[in-house]
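Two complexes, one shared chain (chain A), two partners (chain B, chain C).
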Partner chain A sequence: MNVTDTGARAAEAPRRSFLRRSIAHLEGPQTMGSGGAFWVVIGLAVLAAALYPAFADAWTVGNAAYFMVWTFMAMGLSLIWGYAGALSFGQTAFFGLAGYAYGVLTINIGSAYGFTIIALLLSVGLAGIFALVIGYFMFYGRISGVFVGIVTLSVTLVFETFMAQTAGPQWRIGSARLNGFNGMSGMPPLTIPWPGGELVLYPGPSLYYVLLALVVICYLGLRILLNSGFGNVLVAIRENPHRAEMLGYDIRLYQMLAFGLGGALAGLSGALYTAWGQYITPSSMGLTSAALPIIWVAVGGRRDITATLFGTLLVLTVFQTLTIYGSQYALVAMGALLLVTVLVAPQGLVVLAMKGIGKLVGRGRS
Partner chain B sequence: MLFETVFATIYQFGDAFAFLVIACAGLAVIFGMMGVINLAHGEFIMCGAYVTAASARAGLPLPLAILCGALVAGLVGMVVERLVVRHLYHRPLDSIIATWGLSLIATQGVLIVLGSTMAGIGTPLGAIEIGDRSYSLYRLVLMGTSIALLVGLYILFYRTRFGVIARATIQKPQMARALGVDTGRMYGLTFGLGAALAGLAGGLYAPTMTMVPTMGVTFMVESFVTVVVGGPDIFVGAAPAAAILAAIRAALTAWYGQLFGQIGLLIAVIVVIRILPGGLSGWIKGRTR
Partner chain C sequence: MTALLEVVGLRKAFGGVTVADGIDFQLPTGAMHCLIGPNGAGKSSFFRLILGEHAPDAGTIYFAGEEIVALRSFERIRRGISVKFQVPGIFKELSVRQNLEVAFQYHLHGHSLAGTVKAMLEFANLDGEAATPAGALSHGQQQWLEIAMAVGVEPRLLLLDEPTAGMSPDETRKTGEMLHDLNGRGITILAVEHDMAFVEQIAHRVTVLHFGSIFAEGSIAEIIDHPGVQEIYLGASDE
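After this line comes the complex of A and B, so read on.
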């Protein structure tokens, strides 16, 4: 649909500056927001986020880092659900798998020589491979629609049940006790080997900056991916699988790859979460935990990665504020929020707001 | 000795079969007839169980109490259909999410209002001794109930006027409307029936379980798996799916314990969707056609 557009862009490219050309990769029909004004706003947001630790105490900064930990899982879900059209309820399965893998690896091997980074990568890879396997069975079995949701939800619930019963001393991998319902704890936080002493990333400014950098990298990377041929095919599959197939795309492969990537992103959240709080419990894979990513992404706007990112941070903030008055009430409020969003604004609240701002700005110009 | 072993095996199988059929009936009716996956299924089960326990403790005989539970769950289901699900028929994925929102509200709401547990009711009917093992008589009743349920649903949907109109509404809504069927009312009734069946499941299993707000989750995996393996046509698929899965679960539970029964179910479902994408009903239909 935008062949002429990209063609024109390619012909024009040599005349543009390097900055313009690199931004061109980040913009396209599959993501909202384009043009100088948008990127200035994003840049200012990143700048504000970077300056934030200077004005806040260490606890608040660690808390903000906690929010950012979740955004990867949300962006992965947006990719699978919003862009590829396959609603996964079981992102928490990959989250938990990677979280436990990080714990088992680091407890057994320790944190010397930057091994925590390797453990992080290994756990993310493990989650991604597991997602590919599940995705292979689902998409090559040609199930779609609601069945994807049921299978993924069953996977995460069975994981939770399994981990919750590993209480006995016989459930250990190496020196790591799985510890059943109470979960694992005592794994080392992320440690970066640094000239002149290792940099241990406890929740606080240092971890905050690493996470901020990761969020920005993931966000920009996903924008490039979604506006590439791969992303366009994903959207084509979402809009009409049969048509996409008739056009010659192996939709099973595309869906499986998207699912694998989404699973790996959920795994990244899981491993980072374990490193952040130095614990992980089976309830992080339970029904309630599995519902939360759906709420963030649905409320933000599943079909846009920017809306998902900001929606997630927004909903997490609101959720935590409500939790002060009682976490049970907060969950009721989250359920109601989800219900209202689906009934009243199925596109997502942040998408609505972004479109509204876009219209206002457009009107102001004309 | 042989008789005892055979009976023990059949009992294990029958228990698993009854659980799968009773747990999935409500979900299967709503999904098979309306294409909506009701993620609040577990909460309707919880509702049925709570009402049953409350009315049984208030002095109602257990069968009546169970009917009460089913009835209340059904009424709640009709209200939910009217307020929420009705607006989402053309967006099946969104209807899942909306019912999930409901499920969160219901679980946490019950937790806030009624506390983290409720006094349960004991398992009635005692036990019978065969050989040196004892078997719960109530579970044998449940096995009979599950078969009665299957027969009853078959008669309801294939031998009554309601069933004909309901199936007509599902297959060709416009045509049914043109012939004077109030399709909106039929959808409401069907959803209510599904919710009532979920409530019935809760009521039937209430005497065997601890009453906690999250008790519905116990039923979720089993009922989902049965519906997926059964495939889109639930009347053809659900019973054989439950039978096969029950055999798998009973065998694994007997050899390795409860948990491996559940994991076995999950692996079975993942393999089945790879080999038989249309589920059992798709496969059976393909053969008979």
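After this line comes the complex of A and C, so read on.
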């Protein structure tokens, strides 16, 4: 047997820069897609998205921005559920918390000096910290399996119920009225200080480009994270938590951190949603809202971040089209889509398609 | 030799079933020791107590002079204990290479990690299966993969729960040779085993557990000749 002299090798090994290591982790065993052809396709998709506002009216572009708002919550759920193996049914709790936090902060302080950006960061941070606290009690309390779903669903329903009864004038934080079931409104959109005047990001091309940049950054960042040692351990915990612990990993810590990051991403969606529409209501934390991210992620493919991203955008587009042309059937169709996915392609429809394309490309080369 | 592992008065009961009944046990540094005994003797429970999967009702455990009984499982592992389970404890949906990377990456990084993974692929004779999902390997290959996962970072103490279960005679012999090799490198080994031929091949000393207590302890020759052991285990084995 040739067991390595680890100390000597570690000393000899050239220390690669953080940036080089990060770029190397863009591809890896935990994410589908690699090689020049894959990145050309991704690049073309981003280019097409960047050119889209030139060929669409401002309302449609704002609508596309709305779709992108949700992708952060979906990618966070993929991290928690698909990679770490803990089905959270309550990502909307973090979504709503950050949404309300953004509203309260910006209504009280306003949008001058770029404060909306600070409010966005604070809201996301608050959602992340709250997720860490919930995650701490769940995972350090050895809650697992279906009980994670029950606890998280309970949290979001408690939030919804609480916020729905904050209708009276006594329910205010500073000058921000919570407004009960009708929700908060009147908060400013994201506003960026800009030479010659502030750049106000109303739903339209400017917000669209900011969101597109955020989606690309989060997507690439998550690919790097998932292909790093952290991602490997998350997947190992999903596959066999007992064995992972017996390799020296504190699995509770890893699960809690993944849950915290997923909660922060849901919070990013919530704060951006509030900034996009300038309103937030308790129903955004209700049962229907809590179920939808699960459908997006399951249909796309929960165990792959690329499939989750594109699957979410696809399902949201279909859902909104159905809502416009047959609103009473849209949710039924979503339920049917989930059922079909679970029965026909439990890995996810986008994963199935990506594997099919991969096989075709492989055959073409041979 | 000083004791690497020392168990003092260890007691554990599940309801009316006592799986450890005041066990006192010392494992010297560098030893290669086997635990044998009939089914239900408490061998696997003894491992679980050492690993921290069960908290003892009484007694304590020292590893390298440090009391570890209050530590969680992963903390004990980080102190240099490694384990191979009877049922292969691998990550079936991950590739063979990923299994090894996860097993070593807590201790190794970069080139050290890549080099050790490569060495362990060769060691386990799995270098042609690096990209294969571990769940698609044969039972014997899964056993070897887990052994490679357990020994790649050279633990101070290697716990093996029936390491040759499901292996062919040739694989069993090779496993014995491999354990001698590891022991020669300074790794202390404690194995639960039923195959007495294998025990004869590897063990410096043998401990017989019976109803959660140490029934006998000695060299393999002393254990085989022990009339009580003959009666409870060797002569009338139900394995």
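Everything below uses one rule, namely that the second predicted complex is superposed on the first by the 342 of 366 C-alpha atoms of A that agree within 3 Å, B and C clash if a C-alpha of one lies under 4 Å from a C-alpha of the other, contacts with A are read in each partner's own complex, and residues count from 1 in each chain.
Keep this in mind: a contact is a pair of C-beta atoms (placed from the backbone, for glycine too) under 8 Å apart; a residue touches a chain by one contact, two chains touch by 3 or more.
Please read all numbers here as calculations on a predicted model, not as lab measurements.
Looking at the shared chain after the overlay, A:P29 reaches chain C, while chain B stays out of its contact range.
When chain B and chain C are set side by side, the one touching more residues of chain A is B. In the superposition on chain A, contact is made by A:V233 with chain C only, not with chain B. Applying the stated contact rule after C-alpha superposition, one finds that A:E245 touches chain C and leaves chain B untouched.
Contacts of A:G335 after superposition on the shared chain: chain B is touched, whereas chain C is not. In the superposition on chain A, A:L343 makes contact with chain B only, while chain C stays out of contact range.
When the two complexes are superposed on chain A, none of the residues of chain A touches both chain B and chain C. Only residues 1-4, 6, 9-10, 12-16, 29, 229, 232-233, 235-236, 239-240, 242-251 of chain A touch chain C when the two sit together in their complex. Looking at the complex, you find that chain B touches chain A at residues 31, 35, 37, 84, 87-88, 91-94, 96-98, 100-105, 107-109, 111-112, 214, 217, 220-221, 224-225, 227-228, 259, 262-263, 266, 269-271, 273-275, 277. Per the touch definition, chain A reaches chain B in the complex via residues 87, 134, 137-138, 140-143, 145-147, 149-151, 153-155, 157-158, 161-162, 165, 286-288, 291, 294-295, 298, 328-329, 331-332, 334-339, 342-343, 346. If you check the complex, the residues on chain C that touch chain A are 51, 72-74, 77-78, 83, 85, 89-95, 97-98, 101-103, 105-112, 115-116, 119, 122-123, 149, 151-154, 178, 181-182, 185.
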